[in-house]
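After this come two complexes, each holding subunit A, first together with subunit B and then together with subunit C.
So, the complex of A and B:
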């Protein structure tokens, strides 16, 4: 066993770490807590891969191959005495300015993890640090929420005012910012999401993608370092999805905003610097989109998908073609099929 | 019998500066027994349209015809008397003689609308938020219970609906709140199926579900449509989902129906769909790009297995 006490704040904190989770464990305890629980963590009986494997339930941490984490979560995830273990020793660090996509099935713990980043949940065991601040310390919570803003699935639930500008100003007002500063922040936030033209509009008249961009502007106006999005495109039409994703890419590239992006759309995860795959409350895979998605069979075993083009490349290679197995986009597939182009 | 929309228009906030035409002279028929996908950007009129199909929204202009009857039409005297007869049985004799009152007409109208809602089941977005009973059995039995059916019949319907959504008897006594998101959603759909509708409308049934949960729900709905002949109407923002499951696609744009046809027909309008804020499946996009480089495909490709088959030999390669 390592000398370091795994439940305490690590001695050395990397300056570049925006978010640092060490042995992060979270258990939903009673009914009151149940209310707080994101929809997806209620899942326990999953058909398929993990349940079918009858062999030993090992206790080792998640590995990179199917064999290593096969069967290890039997019995451990799910309810006992009204308790649900949603996170089971997550170790993860996210650097400043990184764009990280978090993938996982419903019930894998991604939303619970996200809620730890801005202290909506505090760890049952282990540590969560945001810019070096422990989320367990009451005194830090205010500042952490200012640094790490969160966006949810349903844009309608996130609108608080009847005029766009007022909606965006809501956060900074609550932080007690100077009116002059609020005006400036709101203006810049709306420019950043390209919604300045709608500053006097009524949020209810906007499209889903526009509403989500207003919600993002509301976070930006608080001048955060990090933005966490829990399936922000689940309810949007194709154009709305593109709008939101492009906005995030721009914020990440131009403003060096740290982005933690939870999604079920594999095509969106392709745009991230790094993909983290969660399963049964643990991080089971981590790497660049290419490193993750070319493991087609493994991804399917975790109950996930790969981008359509990656799957096509995998199938064609199985038939004897010799394509790069890490093809992610239509453009890459076209280039692979027509190299002279 | 199909549902027909005849020259339907719907105007929100009429007479105010915010007046908006959500549907503009829509003519559309939903034939029996098909799996129909509806796509369209936010605000294209999809939601307004599906709520008209079961009488929740009354069109400003035009008629909604179910089984040959205009669902919003005031019932004829004869129909009101027919209703009174079934409602009051033997006691109805005196009703039948007297002049019909406004109350009688209103009651008859409400009764006929209830029949429409039983025939056309509508599953809203995030239907699991509407689960409320202590057990799954009670939750699914709620609708049929309100129809005044016998215990045995209710039980039969509960079991049948549960099976249709791919859950077994062991779930009956569980609390709906112990389930995963995808399972909860399936229970909510089972509650609508227990009313034994002829049409099942699903508004974004897979939003927020992981790929497996998505395939499970859509696979079950496809199976249901094939085996029972129920008409399934799926509203979705996922081009892949409608391409993979629908027999026919309706593409809407700003209150108009732009395209109606098989997935191959509709998704052959790639550029137009993109201009409408929609998209085409990625494999179809690949086909478009390859065709620009000289590939020749005999038809519009919508899924990965077909693309694989064509690329492995049948396709004429010239690039």
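So, the complex of A and C:
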């Protein structure tokens, strides 16, 4: 594993950080060794080396077709003999009350990173600290999961109960809270996401945005310090998306909730305090939305888009106009184009 | 069609019955079913139907809604009726070739159909007035003694509540897959039984794949919400019997006993008649 791109490990660990990843590396090990297709193996021949598959170990060495060989590659691509290095030496710290958006193309390791915060994965190498607690230690796991709640993409597949109120109570019940306290937390959580009126509703009768807000309430009722959301708006219509994002902004601003928000929508990332861009398991860019999206070419290299207005400004500038390249929203664009307004 | 199934659905009217302890409703339903099976005469069946109607009235759930939910058992019902009509020996009413409908057969058919419908309505009343989670809570509590012999009562209850939660979702998905395949020329209507069953395979495969994916995601989500079995777990809505529950259980016990007694009603009536006759002669 020598060729891995790895940052040096800083010797001080800031305990004030909500989330701290140091040299975080994670490798998925597939139980069933996936055999590579012959075409694939042929293409990558020069990078790796061939090894006979176990079944043929006792047979003659030569004269076998490509199919009987298993491609064995080391340090070439993400996939190595049924192993996928999903994260390579990620260093990242997120402080309390921050709203961080995580961007990246498919398979860049965003979900894998998010699952580390919730101790659903433990690092293969490196450290992950949540409120100073190491996720590797068994004893911390439940406290970490209470402190850092996680919301997933599909709202249907994370609801346990058939009644809104009962679903919101699921987390606090697991934590063994007193019934009185649970009731209070559930009430407050539903108020926070403005869903109190649907207390007794059936989830299947709610819209996607509403369901996702219920899921957020389910986490809030556990009184977390931090919410991690893995593409919570991917299955929602524009209205549902706005509902969810507004709720999160409110929580962040009013309750100082730390939010880690994974998304493919650049317009949503604009609202964050900080944007983290991941590519092939590494953090490649980090900064305020303005600092990030302003680098249109770099973003495109990583395979990502920039907000429509930033892209427009970039294109107009290429055509010889002289606009601020860090325009993010329609309003800013209007102001830049018609300064008299 | 699939969406008409009301079992496992909850219909919120906040009636007296809705507010009963779920254990009372489970026990009550159980007693009603026992009563139903003890009934031997049309008499008793009518009595059971009347009491069921009264209970439906108290739940404030529209009768039409409940009846619509029974569509799913129409086939089963038809099967029962036809089988009973032709198979029971007795006084022949109509003969069609080798088949004959007997008076006893007709009686049996009506009787069995009535019993089946009431059984289904009784069960759906329980699920309509109780949220699945309450229901499984009740079962968990009622079956708690089994824990001593290492029956994983909590896990079974959790599995059941999740199954109930996902029934409507999977139904909808089946509908969607069938529509998507119909749009691509799949034919679910024509052909014999075997042909029809075969045409369902392309529906079942994606349905199963999706169900497994859902199960996987749900398990992760539950773990992320600190689920770790029933150790150290509390309940928001703790089950508590009130006076109402005891009264309800008493009523249901009386109903079951009453239904049982209807078996002797014809006997009692004929005895009274006989006594009357003897007295009249004397």
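Worth pointing out:
To be clear about the criterion, the second predicted complex is superposed on the first by the 281 of 341 C-alpha atoms of A that agree within 3 Å, B and C clash if a C-alpha of one lies under 4 Å from a C-alpha of the other, contacts with A are read in each partner's own complex, and residues count from 1 in each chain.
Convention: a residue touches a chain if its C-beta (ideal position, glycine included) is under 8 Å from a C-beta of that chain, and two chains touch if they have at least 3 such contacts.
This is a predicted model, so every value here is computed, not measured.
After superposition onto subunit A, partners subunit B and subunit C are found to clash with each other.
Taking subunit A as the reference chain, the count of touched residues is higher for B when subunit B and subunit C are set side by side. Once the two complexes are overlaid on the shared chain, A:174 sits against subunit C while remaining clear of subunit B. Once the two complexes are laid over each other on the shared chain, residue contacts for A:183 go to subunit C alone; subunit B is not touched.
By the touch criterion stated above, A:107 is placed in contact with subunit B alone, subunit C being left untouched.
In the superposition on chain A, contact of A:225 is made with neither subunit B nor subunit C.
Touch criterion met: A:145 reaches subunit C, while subunit B stays clear of it. Touch criterion met: A:118 reaches subunit C, while subunit B stays clear of it. Look at A:286: by the touch rule set out above, it reaches neither subunit B nor subunit C.
The superposed model places subunit B right into subunit C at 181-189; the other stretches listed in 55-63, 181-189, 217-225 or 271-279 stay free of clashes. According to the touch criterion, subunit A has no shared surface contacted by subunit B in one complex and subunit C in the other. Across the interface of their complex, subunit B is touched by residues 34, 39-40, 42-46, 48, 79, 104-107, 153, 205, 207-209, 231, 234-241, 264, 266-267, 303-305, 307-309, 311-312, 315-316, 319, 321, 330-331, 333-334, 337-338, 340-341 of subunit A.
Residues 9-10, 12, 131-133, 161-162, 164-165, 168-169, 172, 213-214, 217-218, 220-228, 232-238 of subunit C touch subunit A in their complex. Contact residues on subunit A toward subunit C in their complex (touch as defined above): 118, 120, 142, 145-146, 149-150, 152, 154, 156-163, 165-166, 169-179, 182-183, 186, 200, 202, 204, 218-219, 222.
Within the complex formed with subunit A, the residues of subunit B that make contact are 18, 40-43, 125, 128, 177-184, 204, 207-214, 237, 239-240, 277-279, 281-283, 285-286, 289-290, 293, 304-305, 307-308, 311-312, 319.
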